[in-house]
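Below, chain A partners chain B and then partners chain C, in two separate complexes.
Presenting the complex of A and B:
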């Protein structure tokens, strides 16, 4: 296996930070978040699952799509796309899998999204394998694993004295040119362990979560389980905010400057949430999805029925963030177990 | 840095070439596109397609295109003043810049229904995407059978395209029936819901197709009445409305189950609508 030390890694990251937008896990007032860093000194190397996914760096929570300048009757439009290359260091494998889920819609479904594609192309993903599964984690039930290199460009795994380095893509190999690597005997250790042996938060293997195929979900659309789980939903939308695959967006304009003869406007894209109260309300005031159970049902159907039917992958990677952040303890694993039980799986 | 290739979220630039009052709170906006790419994109749009109109500074919203390419390169939209974007559009003057994205969505299968009798049912501003259907039928009158137009509004002042009624009535094999929910001192015509008018007119289902647009509750009850008259769901076309932010199947806003109104529709056969996992109602 290829091996590097923490010191070499830090030197390489410091160098990268000069030429790239470097995003990495950082301590922000006691919260671990993927955030821009200026040097390796700000980066956490031993951290749990960051509280928010990396979605923000590909489909930003707020993104300027167009800059519009109006001078009298004349309007100019400028498309806004950052020039700099971006490196996401320390991304967890579940978050990288979340990007593959978004790719199925934003890249593979015609027409591709110009902005998302640009962010994907300018970014290299350097993952850091999770040493264990954390509270709420169920990636191993959603086709992933704490050390899954599939969706990354490079995967690092902590080993004695440093990191095992797996080069996954050519893009990853190109980025690694400046990193001092040495060859060592053996394979990166966690890979030799089967998924069942990943320790959950209380030790031991996490209980598997069943995934019911889309066609069986269709029979459960009017099932009482949606009322049961949905009635305690607060429509707070935190589940969609923390989710690596929730992608609904809103588009609006904001006026940034008004001077005599000149108005500058930005067209903004911002995250939206199908769990919000008036999400489906139409111009005449009719709302075909007026209740919380119906809206919660839509979110789960999107992830496990509509998205796989329309675009391929499941809309969930098992990161568990919605479980730990829901203020009323709606637990996606419980919902999935209920669906499996009700459908006789 | 600019993109290589087409950015479907960038509107084509244009300006307001004309604004006309259509009904209380409803104006007809005539837009001339000034960029050659936009003119090319809208060279051959179809009845039932929609587009996003930008009021720069307020945002953009989707509207059914209410013109046909046969009217010339000017695009027309009938827009009700109900929200932020539409209110901003209503304040604009001729010459003011606007943007248009599209054409988007599918369209009424005008070729497939050639030779058949057509019943067009429009409720209020729902008449906007049906005007291109009526124009297409009248422009190619010999290609279609009898045309029955049932046109409704909540009150007389909300009837749209009133200046075209004489043209519609005088066309061969064409009848126009109007109704309003509530009349006023000027109104001597039918008073009542479009479903009552539909029962009264009683179009025959043989070799006929119906095309409906209006509020969801109207579409629902028109469908029930048409069934009573002997029409089957695969004779009924409708166009559905939904709030949306992209029009290209990405933003998620307009989903009905696994369908997207923007890319799977907005035009559907009622036989498809009946199979939807999630109701539009």
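Presenting the complex of A and C:
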């Protein structure tokens, strides 16, 4: 296997940070978040699942799409896409899988989303395998694994004295050119960690979560389970904003400056959430999803019925963030088990 | 002092009686959640009362759900009668909602619980409990449990000194740094019993104050605006701070204003039954209302 030490890794990252926007897990006031870093000294190498996914670096929470300026009779349009390359270091395999889910909509449909594609193309993903699964994690039920290299460019796995380096793509190989690697005796770390190492805070392997095929969901649309789970929903947006695959956005034009002879406007898009009260409200004020159970049902149908039917992949990677951050314990695993039970899976 | 098991039994018995007699159509209480901690529960059937529990992890302020029961279930019907389990801090929100005519007293059966204080996820006393010495709800129809002995809290606002010692520039920097983490998920607003506007002014399609951007200026406007809208109305249940996924110290804003209101008007929201909200009252300058 290819091997490198932490010191070599730090030197390489410091070098990378000069020519790239380097994004890595960082301690932000006690919260582990993927954030821009100036050097390897700011990076956490031993961390759990960061509290927010990496989608902010591909579908930013707020993104300026274009700027216009009118001076007298002249109108100019300005492109806003950044040109620096981006490296996401320390991305967890579930977050990389989440990007593959987003690709199905933003890249593989015609026309592709030029902004998303731009961010995706200029980014290299250097993953760090999870040493274990944490509370809420169920990636192994969603086709992933704590050390799944599939959706990454490079996968690092902590081993005795340093890191095993697995080159997954050519893009990854190109990025690694500056990193001192040595060949070591021994097998690369296992593709799938043995169950006994999956212990969360309470120990033991997580129970598998059943996924009911999309066509079986239709019959459950009016089932009482949505009322039961939806009643305690607060209609906040936590679950959708922490989710690596929720991707709804809203678009608006905002006035940046107005004075005689000059108007500057920028068009932005910003995250939106189907769980929020007014998300589905239409012209005239009608809201086809006026209640919490209806909105919650939509979120789950989107992930496990509509999205796979329309675009291919499931809209969930089992990262478990929505489970641990929901203030009223709406638990996607519990919903999936209920759906499986009701549909006789 | 009563044990959690005793109070659990009493809540179940009370719930059964209320549902079987038809006095209410739903009990809003607590049940054991999937993570092993309490979560809000809605019990509509007397056969389900065994789901209900009481314990030190019953942190949620359930009065926020009373807004879901304000309208009739079907056109032409009366709004439903509902029962809700409240701790002393939660009960203050009931008084606020009554004063603001959001709920009708006769439609809400209040199951008050004598409170020893609740615990956060780490098992430590919840932040709100370290500054609260209320052991009995301020309003209830039935009180369950024996009020425990408690040593009075000297100054529930003592922690405000932390921001008041800062210069204005430092304080601004502190808050901008905090708001930077905010993801504008609105959980603080959604969990708040006092935030019940049909369309929040910070979420209007034609909003002149803030646009949809999730950036520091919009977040700054939202949090300061929300705090001001809760001045004289915040029941200090601290749910906004508990639910914030980014750990913003939001209660510093709300309680700074609560203390201001107390100093100026001798009024703490929800502590007593009020006929109308504080800011609807007109009085002579300097006179307590």
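Here, the second predicted complex is superposed on the first by the 335 of 345 C-alpha atoms of A that agree within 3 Å, B and C clash if a C-alpha of one lies under 4 Å from a C-alpha of the other, contacts with A are read in each partner's own complex, and residues count from 1 in each chain.
Operating definition for what follows: contacts are C-beta pairs under 8 Å (C-beta built on N, C-alpha and C of every residue); 3 or more make two chains touch, one makes a residue touch a chain.
Remember, it's a predicted structure, so these values are computed and weren't measured experimentally.
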item	value
More chain A residues in contact - chain B or chain C	B
Partner chain in contact with A:52 - chain B first, chain C second, else both or neither	second
Contacts of A:334 with chain B and chain C, given as first, second, both or neither	second
Which of chain B and chain C A:79 touches, first, second, both or neither	first
Touched partner set for A:89, first chain B, second chain C, both or neither	neither
Which of chain B and chain C A:68 touches, first, second, both or neither	first
Chain B versus chain C as contact partner of A:250, first or second or both or neither	both
Which of chain B and chain C A:106 touches, first, second, both or neither	first
Overlap of chain C and chain B interfaces on chain A (superposed complexes)	250, 252, 272
Touch list for chain B against partner chain A, complex	1-3, 5-11, 13, 15, 54-60, 80, 82-83, 95-97, 99, 215-217, 241-243, 245-246, 248-253, 255-258, 277-281
Residue ranges of chain A in contact with chain B within the complex	65-66, 68, 70, 73-75, 77-79, 81-83, 105-106, 109, 111, 113-115, 118, 218, 221, 247-253, 255, 263, 265, 267, 269, 272, 274, 279-284, 286, 288-289, 298, 301-302, 305-306, 309-310
Touching residues on chain C, where the partner in the complex is chain A	33-35, 37, 39-42, 60, 64-65, 68, 177-178, 181, 183-187, 189-191, 199, 203, 211-215, 242-243, 245-247
Chain A residues within the chain C interface of the complex	28-31, 33, 51-52, 61-62, 135, 231-232, 234-238, 241-242, 250, 252, 254, 268, 270-273, 276, 278, 292, 323-325, 327-329, 331, 333-334
